[in-house]
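The two complexes that follow have chain A in common; it is paired with chain B in the first and with chain C in the second.
Coming up: the complex of A and B.
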């Protein structure tokens, strides 16, 4: 078997069926830049369709990447109207949910009052599942809100996620089986204890179980979508250093254990310093980066390995992103495209 | 009626043996014995062709080999090789884990039967002897050698006056064994520091504020 996969993200951009693109990696490797670049390229490729870029990182930096203030409502990017961005803090969404529950239920003697938080505390992953569901609900609401005033239906062709460095937002994917079992038990329980509970005056709290059932349904639905390689893909971002590669390997193994499709790795911040005789440090560092690149191409031969250069400044603003993201599709050639390094305008 | 009789000397030695056995188990610990037995059961049964167990032992020796290899490789210089070994190791561990889970019920069974066997071998004979030989006389004391109340005590519960029965014999064997255990263990115990008198000048008086 001697065919190499092209070192670009073209397959992702060209894949017409994709609905979800996740971009993940450890902090500081250029996740936000990469996810913005992917989003920009998608938006450029399909000008007729709408795209949504979401950051679930509590340390939001989409605003900085696009030099435009975003909030938790989808806002179109200036200069690229078919791409919208939003910044959501899943934790905040979560506490909103709990507050809602607390408001709804203001009986201090209710034994079931703390049930929701106890539950979310006791099962690993359910926390993430709930917060992720909140995010999804929020996206859905966006669509509906956008529908009514403009009367033209906005439905996003692809939603790009800029995940938090921990990537734990996806941990719930391993849990559908556990949840299913648990909720099955709960259903039994609510069937058996239902009458007693309503006697205790907890009638309205019956819908705790209802909520959990709904959650389970949602989780398995989402799970089905996310494990379908036609609909969802994951782009790993790393830099060519030992620890970053190690973490990436861990992440890929974890994602594979959730049956998620991972076929692209973006190696960021490469120096390409072969012809740079003046900078000894660049050369020796580039030598080190090349060492790890070689190892990577041996390890990940069935992945798209995209090599991206380290530029002179931070990549900010739509125009700069457009320039940079071009090289996600055509491999960066340091000789021909070297001007890119200093081309980026400072904002 | 079933008759079952032993010479007093045989009875004496048998009881001594059983109590010694019980003491040893107590000192070693039931749990340790069970663990040890399970481990040796795994080894023996694995060699005798227990498919799962031999698979586990194969896999774990392989995992150990891979781990050694991985440790011999520099992670930073030969990242690809190291990671491949890592993957292999993780995979083996996961497989072993799964196999072990499958064996859990078997382990529970072995441990349960061993526990039962230990109880039967230690507790049951003692109670049997106590009941069956409740009237058996192990020793005779010269008549009038000890004051009446003490002779009565030695004869508890059902032995004729002037004889020494099983209960007293078991009691004395047990206390000798406990003392022996103490004597053997004592030198290996961590010494407790001798308490030194508290320097009064360094103690601050706590005043109660009421």
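Coming up: the complex of A and C.
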């Protein structure tokens, strides 16, 4: 059976059930612009609901995209109050983690403690782990809100992730399943050692095992949510070049192996230079882009393939993002919408 | 077509996408892209989806829609019914098998430290170091190299002790022979070289040339023999083996385990024990001379 798949992200914006939207791809393809645009469109579409855009990339760009300083706390975007942004700071989160760990180990001179902090700081993927902790925090908030709607915590309708380049992101998405497995092991262990520990009066260890069990439940829930296409989707961002296309295909396959839903691909920085006879370089490059676009159309006929133009300047600030993001919902027509290339105001 | 709800449409599209990746097509797609590139003429890259097909000895087969496609003889046709039935209960992630016993803890650590696919290559230096450390420790536990080393050490210690004893007995023979020869010579060369229970007789004998000559020779020989013993035993590192045989050193070793400061004095104590051994040899030789003089007093 054949479907007419519209070349827009309308299905994502209109999908009422979505809780998590990941935006990822190779470095420098416009992930931040796309994730910001998706977040802006969601916020405009549902003005009564709250949305959160989280940057999990250690090299944060959200502040630059919105021309507003963000930090590890969710901060509302000026001019779009129902959208908040946050940039996860691994170092700050790390110190929080150490403070939490300090309640179990009060000895400041314990050599093991400093060794552990050094070790945890250098574990590859710790950034992703900390980002994941944020996800857990939001799940907890949502639960609390569901139980008592009057509580002060904000419940976000959808959380959009501006992810780090592919490798980091795949590790991040792998984490729930890995953690679930690891915590399952701990649970087995606590089941075996629990009676012995209670005999020895090790209440603190029991407390730790209790916390681990609670964590496992949350992680399982995240894992379930991430693999549920009604709740989670992944938007691949790429440019029309060989390496980017290869990376996109590799990422899609990897995400499919995690059972994650990917149904949309945004192709950024397209020149649409058919009528630009004066610029030979533009025409030559557009020819190359078209070659890969044709290949993409063939490979991704079951995906929403969104083609976005390369503009004359950087897309920064809420107003510019609003203008640009419009074309995520209406296909960009170079003849009718060509003015956009130079309409964007430089910030 | 128009009767399909957005949810149904999404689900069918997802299944169709999965079907297109099944049956080795995922690898084909990757290679098709790579062969387009100017820098790569031919490629043999394998997709993660196709890697899952090969049975892993440590992991149980995972019931995902994707893996079911892999087992299909006719991958080009997707069985929607089958897919829909698998979607009734949410399929577990392929990375989270339900049976905890089926998971391999090593595999899990590899994934945790980004070794599998996160960076695409899996050659993180820290990861490989940790993995090699873990594998090394497992190897050590598994084989009997450690036990063999222990047995060898014990045998070597025994052999060294035997050598030390042999050396001592050889020097004992030399010492006793030298004392006896020296004594017999002086006994027959001088009539005054005798032991006596009478003080006046002993006083008369002491002043004689042969009496002095015996002691000069005795002291010289003792000095040569004992210093030779000291040098030879040091060369053979006999002192390292003394500790296993000497009670004082055993006590010191045990004390060092409890009070580490004692360990500082251990070399000094070993040296003292060595000198004590030489001194006891000298005392033993003097005792022999006393016995020989005693014998002459009754002859």
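The rule is short, and it goes like this: the second predicted complex is superposed on the first by the 238 of 347 C-alpha atoms of A that agree within 3 Å, B and C clash if a C-alpha of one lies under 4 Å from a C-alpha of the other, contacts with A are read in each partner's own complex, and residues count from 1 in each chain.
Definition applied: contacts are C-beta pairs under 8 Å (C-beta built on N, C-alpha and C of every residue); 3 or more make two chains touch, one makes a residue touch a chain.
Everything numeric in this text was worked out from a predicted model, so none of it was measured.
**Q** Output check: A:184 vs chain B and chain C. Expected answer is one of first, second, both, neither. What do you get?
**A** second
**Q** Would you check which partner chain A:284 touches, where first means chain B only, second means chain C only, and both and neither mean what they say?
**A** The answer is neither, since A:284 touches no partner chain.
**Q** In the overlay, answer first, second, both or neither for which of chain B and chain C A:141 touches.
**A** A:141 sits against neither chain B nor chain C.
**Q** Counting only touches as set out at the top, which of chain B and chain C does A:313 meet: first, second, both, neither?
**A** So A:313 meets neither chain B nor chain C here.
**Q** Counting only touches as set out at the top, which of chain B and chain C does A:155 meet: first, second, both, neither?
**A** neither
**Q** Figure out whether A:71 sits in contact with chain B (first) or chain C (second), or with both, or with neither.
**A** Neither chain B nor chain C is touched by A:71.
**Q** Now for A:263: first (chain B), second (chain C), both, or neither, which partner does it touch?
**A** Touch status of A:263: second partner only.
**Q** Between chain B and chain C, point out the one touching more chain A residues.
**A** C
**Q** Show me the chain A residues, by the header's touch rule, that chain B contacts in one structure and chain C contacts in the other.
**A** Touching chain B in the first complex and chain C in the second, residues 242, 245-246, 249, 253, 295, 299 of chain A appear in both lists.
**Q** Which chain A residues qualify as touching chain B in the complex?
**A** 242, 245-246, 249, 253, 291-292, 294-296, 298-299
**Q** Note which residues of chain C are touching chain A in the complex, please.
**A** Chain C reaches chain A through residues 1, 6-7, 9-14, 16-18, 20-21, 26, 29-30, 32-34, 36-38, 47-49, 52, 64-66, 90-97, 100, 103, 105, 108, 111-114, 116-120, 124, 126-127.
**Q** Mind listing the chain A positions that touch chain C in their complex?
**A** 1, 3, 5, 11, 14-15, 122-125, 166-168, 170-171, 174, 176-178, 180-182, 184-185, 188, 223-224, 226-230, 242-243, 245-246, 249-250, 253-254, 256-259, 261-263, 295, 299, 302-303
**Q** Using the touch definition up top, name the residues of chain B that touch chain A in the complex.
**A** 75-80, 83-84, 86-87, 90
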